[in-house]
Amino acid sequence: MTTLSVDKVSVQLGPRPALTDVSLSLKGGDFIGLIGPNGAGKSTLIKSILGLVPSTGTLAINGRLLAKLDAPERAKLLSYVPQERDVAWPLSVEKVVALGRTPYLQPMRGLTDRDGARVEEAMAEADVLVLRDRLLSELSGGERARVLIARALAQDTPILLADEPTAGLDPSHQISLMKVLAGLAQRGRIVVASLHELSLAARWCTRLVLLDRGRVAADGAPQHVLTEANIAEVYGISAFLQQSAKGLIVQPLDTI
Amino acid sequence: MSYRLLLAALAVLVVLLFAISLLIGPAGLDVGTSIAGLLNGDNEAARLVMREIRLPRAILGLAIGATLGLSGAVLQGYLRNPLADPGVLGISASASLGAVIALYTGLSGAFALALPLMAMGGAVAAVVLIQLLSGTHAGTLTLILSGVAITSLSGALTSLALNLSPNPFAAVEILFWMLGSLADRSMLHVYLSLPFMLAGWVMLFALGRALDALTLGADVASSMGIRLRRTQWLAVLGTAASVGAATAVAGSISFVGLIVPHLLRPLVGAQPSRLLTASALGGAALLLASDIATRIIAPGRDLKLGVLTAIVGAPFFLWLVIKNRRNVL
Amino acid sequence: MIIRATLIAVRLAARINGRGVRLLAAACAAVMLAGSMAAHADAPPRRVVSMNLCTDQLAMLMADEGQLRSVSHLAIDPESSVLAEQARRFPINHGLAEEIFMMKPDLILSGTFTNRASIAMLKRLGFRLEEFPPSYSFPEIREQMLRMGRLLHREARAQELIGELDRQLAAIPEWIHGGRRPLAALHYANSYTSGSGTLASAIVERSGFENLGSRLGLTGMVRLPLEVLVNSAPDLIIGGLRPGTAPALAYQTFEHPALRAVLDGGELTSIPDRYWICGAPFTAQAVRLLSAHAPVLKAERGAAK
């Protein structure tokens, strides 16, 4: 089973610390929701795991230190779904998804049959097969978000990191997206997503990590993290909480 | 149209234009004499005209066109901006400045390689400056303004260098450096520039996969195993080497690198890596055609190449600005 | 820099020809004729100022002691002026109306291409101004010399100089051999050449050559594309108009491999510019220098056969 260990990771962005001594231990099957207010360090944590920002501390996958892996090796372990859904050029959905095979391509060669098969599977998993010939630039936000997940899936990595994948989507698209991500975790991957919608996080994630000013404020099952006290402490708001058959319902009420 | 078919069609077009370029000239040789002059040396005069005057001109037209098309495609892909082009960004203008300094101070007379090397130095300076001013996520406005600033400054310094020359002809030669020409180039110019252009092409063609990945942004590209630092170096040095060498022998020729990738992008499914080969061929075809046109429109008058490319290119550029207005403001 | 640019303008002007210029020259000549008739009756001019390299040199050759008061700055440039040494004895002017006004001349000599603004100003100020068009042929040189002689009241000296010119020319044998004359191409900066109706062409032809520009039907000073020059396979290439040694693209064709191949290891033939910028007695010197190349070529061709 895949394991990702984050040990005392700190990130300094400019004069202020963006992350301070963050330690987490993640395993295959986990669907981790990173929650916390704006500026808490959610995106920074994702980028530090990807190696996109310089960090101190130790990051290891299956016991191998990430710092010792070169870029293509790392790319076979970690894939990334960015918050921005713009593409520079009007590429078709299929071509965008196929970009996920970049780490596997041989020099001067195109996609192999095996690459093609992985692209098909990824499109099926993210439910974008019907969109394959459309241009990404013509799609709705929800469709684009799923295409970018399919792109990450085509990269065929045991760990997938998504930065605010549900931002700006309508409820229906939010739910279908969370279902896709939850399904990926169920099939053995580690899925990490930063989220602002606490109910979505509570409903679909197996585990939540609450960040507050660069530190881990709480870590565990949703009902243990999303308590009135934690929400008041970190977000500065009161909230209505109720356990239901479909999971915990969180309704923010007012600022304190 | 399939990608292979497109490349084949462009290649045929380039070969055809290359041949026409060899057959057109003020000496008015007939086709038979021209081919004989090119292949065997019986007719001394025809041999000289074909091998020493027209052949280098056609080779340079092809190579410089390919350089401009290719570097335009790379710059657009790398900066993720459809308005990038060596001319618009001021790379050609600053390469001109380097070449002018090398030539008019007599440096290149003492050391021939100084000409392409100084031009490349100018080009590197421009690319580095653009990077400093606008970064890789350049907004269109920043990018164009940087280009305007670099072009104006280089143009002014070029003009200054030419005016300071004690040679009375130097001052009017600013036309050549600003608009470019292939008239009366020789094989010496080919030997001086082609190796650097080839080296630049190797670096630029190596960028195909990275440019594809960059379509989704630098972070995603990096997460897919693209080494951004290496990509940046290849883009900077490849552009500088090829555009610098091209400018050193033909002056700065604008808009080829802008138009060609645009026209061909829809035909390759917008994929940056496929655009590279297509744009190189397209650029070669466009420049050969422009150079042929200068000889047909005004034979014997040394009409500057940049005049034609700008007449076609500038309105095209405006159209692009209008199309991209949303992103510009 | 400015001096050099002016120099070029003068040199170009000296070789330019065109119908317009011819007409202008004719018109000027008519006006001048009237003027000179009047002058003839008067006393000889005592304060003559020349503003043009060619009138400078003619005036220096003909003027009586003390008659010529100033020559132009180009006259002291040894590259353009045959009489540079002699010119140093005179005060120099730069063709500016103000400095010439201060010299209070009773006769101003200028070329038809000399600074138009200054000339218009001097005419308005009421000075007597005589304009000399460039000479495009040997008969025109003789006419100009006669006219200068009349203006300076030095007709005898003019006749003497014309006689000298004719004697020198007569000493240079005409190319009388049968068959083809050797072909000479004039090749200036920026691939310019002189066609028919120019002094350069007249010199080349009097030296025993056929001028390529004339053969191709070109008139005046025009561009001759390098490949046309090479394709014509001239026997001799005369490089000219190369002021200064600072590098410029204008001279790139001088080093072009195709041109070098036509020269077949030889060099461009160079006749000092000063001998053929102006039509004057020393124009014969240009002919003499150039004609020296003709027999050599003939011998070479003979050896080749």
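In order of appearance the chains are A, B and C, and numbering begins at 1 in each one.
Assume a residue touches a chain if its C-beta (ideal position, glycine included) is under 8 Å from a C-beta of that chain, and two chains touch if they have at least 3 such contacts.
What you see is a predicted model; the values in this text were computed from it and never measured.
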item: Most distant chain from chain C, judged by the mean position of its C-alpha atoms; value: A
item: Central chain (by mean CA position); value: B
item: Whole-Å separation of chain centres (CA-atom averages), chain B against chain C; value: 43
item: Distance between chain centroids, defined by C-alpha means - chain A, chain C (Å); value: 85
item: Residue ranges of chain C touching chain B (in the complex, touch as defined); value: 1, 4-5, 7-8, 189-191, 223-228, 230-233, 243-244, 246-253, 255-258, 261-262
item: Partner chain B, residues of chain A touching it in the complex; value: 47, 50-52, 71-76, 78-80, 82, 84, 86-92, 95-96, 99-100, 102-103, 105, 148, 151, 155
item: List of chain B residues in touch with chain C within their complex; value: 25-27, 29, 44-46, 48-49, 52-54, 103-104, 106, 108-109, 163, 165-171, 173, 176, 183-184, 186-188, 300-302
item: Residue numbers on chain B that touch chain A, as the complex places them; value: 77, 80-81, 209, 212-217, 219-220, 222-227, 265, 269-272
